[in-house]
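Look for chain A in each of the two complexes below; its partner is chain B in the first and chain C in the second.
Our next item is the complex of A and B:
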């Protein structure tokens, strides 16, 4: 983390803030509390302000994510092809709600507004692998594989 | 010759067509060529596996085949689409070619035999080559015929990330014309004359906006492309960028020139990985071709293009919110006026245009405003991209000429049987509304909020078809849930209004815990409140999100009032979607205790030992209906 902070130029304008946060998250997976404090000292914006800005956007995470990030698409095309059932089943089976990570650190559930595979809805994405036209039975299989 | 010299010769010296890279060079090769139509939707459908199997096939059989990666034709139901061109024959398009079918299909096609008919999509007729028997022409497909592809090509047989390939399609000629022959004011006039309207949902005249920014002398100015497309169900902007990143760049260069801006910024949604990747490559090539940077080809004009990736927030599609986000703050909208064209990014005059709007610019400049006005109808010229999804047989991204009726579109994207079962169409995503089948004769045109001619609101162009298995209340609830999550919270009508509307809908789509009079009254009062709140929100919200959020409810109540009433009075959802209205229980008399339902229940909600009557624990039941389907003795009842 120190390395990352040292690389930053000495004076950072506010327009660069989101880019820095994105870069940090790409590298470390989430925005660490200590990082936000250190960054705040460096660029002179209150930590609460940085947190407030970051929490506005759904991209930023404040807790480490699990090994597998499961994206259930809740876009409109998936919704009318009953993606809500999948979400319910997933939540019942793993006990995870949107944005939560399982206790063993394996699975993170993130609902996304649209993955863009509307023709093959409902779509589920696990890390970089896509599953299309997912049924409840498929979802059970996916979850078993992850466990 | 460097790329810069090639560009200079092509743009400013030779009057001939660009010969260096003839478009058909791949089609004319004397070895077989495989075209992989690769974009995000086909990646989801599995085209990457298909490509790697094709490579494997080539290696194993050691044949000389060229693979060209291009972008998809927008017909998502046929993904993955692979084009094969063998010498002497026309280009044939294969649909739904999954990796496990590659070997057998290629075995036959490379030996001039047609594969199984389930893979045959179409061929592109060309008199020079022998056509394949009994394969339809691509341009005779009804899904292609309904479209008028002006800003997208019908089918792209060259790389989207090669600037020289773009030259061969008259690329950057519009920008060259602007640089050498037109003043910024003249460029604005051409766009004003074309009556081009913003494609992002606002429908404001692009030319007028540019003129305002041009007349403001506060420098520097900024030209921003809004590629933060977050409407659920709309992927048009992404397809455009993936297919033709150079066209976006050319449009932006022209726009920046027209308002005397020296910096153009593309604000693109962070999740569009492939689009960003292609855009970055395209920007790099534009720079090395000398078309962006300082003093472009000695004209004294400096223009730089930069990509900013947006960290995903729906409200950032609103121009003032987008600007706030670029400035590094929470992406919240600001009251207008002042409009961004007066005071925008860093308090300087700024133009924010949608991707699709910018895509229209190069050809308007090159061929003139009048040629643009040949398509579409009065007050709605040109074409519009619609992302058609839902209960249709051929979903995809369709470029439709404005003025086409909804019925015509539907008959092209559905088979005949499914057209009749359509219950409604929802156009425009969270800021749009329902269209009833009685109104399908209506034409797709821009709708002015003051001069409302019909109920059609394009929004970002999502077009969702619903049939009998969808519940209108549920769809309303879905969009409001989305609005509740995405409302930035700045103004009260939107923040509280969406929440209250959602709560009312939630209440009527759930079974009341008791049958008390108070409960019934609350459910009943809901509908009258819905309309009241919707009107207040429309009139008092700060930005488009809050103003347009209630349109779904208003049109829903207008056309499908009976469905709302059914939920309230009869506590019934005909479509069977509102599960919480349902209650499953087991009739003890019929239950033989076979245990089948226990096995099928994903939530472990059914208890009871073998050969004794079972019982459903309501708290655990997720109302999936598996037990109802599984029971062979009609012991599971739905109340």
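Our next item is the complex of A and C:
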């Protein structure tokens, strides 16, 4: 983390906050308390405010995630194409609810409002890989692969 | 540029950059608002202040809409009133209806507005929000189910203080007002000033009440029960019941508290006086040592915490004299296994926080057992059916019986400076002009110079964080001998948990009570109190 902060220029504009948060999360997986406090000193925004801003975006995480982040879409188009069933199946098989990580640290479930693939809904995303028009059978297969 | 607009069929002169709401307030038209705080940026969050533009039949929020040439506004048309009713109905749709047990009760702005709009039924049956509270702070209690997300507290904390201990977190229906990582106020950078309590329109942010604990202790504790009342509280109760003389009300309160069951009743004055005396000694030594630093004199726990955490470059300049409450706590509880149960009444939330700091505890137990607010003291009196003027008058116990008027004066705006300069001059040359410092001035920043030992000194009195931030460099440059610092803009007499009152000029009346007392009193500087003389001699002996 120190390395990351040292690489930032001495004075950082407040408008660069989101970019910095994204970069940090890409590198370390989530935004932690210490980082937010250190960044606060550098960027001149109070830690509480940074947390408030970051919490607006579902892309930011505040606790460590598993190796595989499974995004199930709960948006309108996916919902119409029975994404709710997929979510129930997933929860039944893995015991994970929204935002939870499995005990072995492998899988994190995150429900998202939209993945931008409504035409091919329901959509499931595992890390950077998209699965479209997912059926129950497809989901079972995906879970098998992850385990 | 000035022009006229039409409001409710009347021509009104306005200037270019005014907001509609400001014009309405100026000409005395009453519009309900929930999110608006004069002086802070308008957010247009609650939409209660909507008015109708007659040309387009459009509803616009008056708090954030600037006036335009040719505007024709209706403030209470049928459309407007219906819109307001819908908004309030929606706000109430998921509100927990436990008003009977809510501390805000008749002072709740949401309740008041619903009543004014004749809302008697729940028209949108939503599920009431589940109770979720943050009890981590010793002074502030947040009950988020009562929050209507107006954002007043967030803007106070951000714009007025620059702290942002709380912010709007999450999005959509999951929005809530939260601290960092939702850990609670005590674990955030909150300075426990209590301004959010003062501005919250509902019962979502209230002071943590200790009255019931106090009553239990009064009846069950074998210890000697001691209570210390701040002078701001006395003056506030005096104003509340229309008692003209400060000392009359003080003696009334002392009598009442003795009847309730306290063994000894004191005012905070001896603490204030020791605080003044110790600071004066420190400043005189400071002059002798020819140091060029500016000293920061403050008894305000919130200001101290702010300086330590946010302006750490200033923190070595704080004179490390404990606050008057804590001075008295050390005085009354001399030994570890003290047989004293001590209660303090203050107008301040931060005192509750200060009392649990490790430096103010002995073996983990706070030196001051219970801190209650002026507001809670009134509840205590109401519980025991006590009305003022109370029939029994009593003089406070020694050492509060020989109070000087410096004690009460100390708690007003500019009071630290005024009493401290008096004391400096008195200790140095035994004489001082009365009213040497323009304490009646209501500005948040005042500079003053005076002569001590043929040397000219400058001091400053700073109230509020924004004034402090502007003067950081002046303080660091050593321009002043000392600065007085308090976080509340009208000092302790207008503290956040004084009696609830809609009168915006209340603090002026309270101040007048205290100034009148000071004017008619000849014993008006700390060292004139025999108790301080004894304290001084005792100190010398110990050395």
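Heads up, the rule we're going with is that the second predicted complex is superposed on the first by the 147 of 147 C-alpha atoms of A that agree within 3 Å, B and C clash if a C-alpha of one lies under 4 Å from a C-alpha of the other, contacts with A are read in each partner's own complex, and residues count from 1 in each chain.
By our rule, contacts are C-beta pairs under 8 Å (C-beta built on N, C-alpha and C of every residue); 3 or more make two chains touch, one makes a residue touch a chain.
Keep in mind that this is a model prediction, so the values were computed, not measured.
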Notebook entry, point to check: In the superposed arrangement, does A:1 touch chain B (first), chain C (second), both or neither?
Noted result: neither
Next item on the list: Check the residue A:56 against both partner chains and state whether it touches chain B (first), chain C (second), both, or neither.
Entry: both
Notebook entry, point to check: Which partner reaches more residues of chain A, chain B or chain C?
Noted result: B
Check: After superposition on the shared chain, which partner residues are touched by A:19: those of chain B (first), chain C (second), both, or neither?
Finding: first
Check: Touching A:103, do we find chain B (first), chain C (second), both, or neither?
Finding: neither
Item checked: Overlap of chain C and chain B interfaces on chain A (superposed complexes) -> 52-53, 56-58
Check: Which of the residues in chain A end up touching chain B in this complex?
Finding: 13-19, 21-22, 52-53, 56-60, 74-77, 79-82, 85, 88-89, 92-93, 112-121, 123, 130, 132, 136, 140
Check: Tell me, which parts of chain B touch chain A in their complex?
Finding: 40-41, 43-46, 76-77, 79, 230-235, 238, 270-271, 308-314, 325-331, 346, 387, 389-391, 395-396, 426, 429, 462, 464, 466, 470, 475, 478-479, 482, 488, 577, 602-603, 620, 622, 624, 626
Check: Where on chain A is chain C touching in the complex?
Finding: 33, 36, 45-53, 55-58, 62
Note to self: Quick check on the complex: what are the chain C residues that touch chain A?
What the structure shows: 157-158, 162-171, 178-181, 188-189
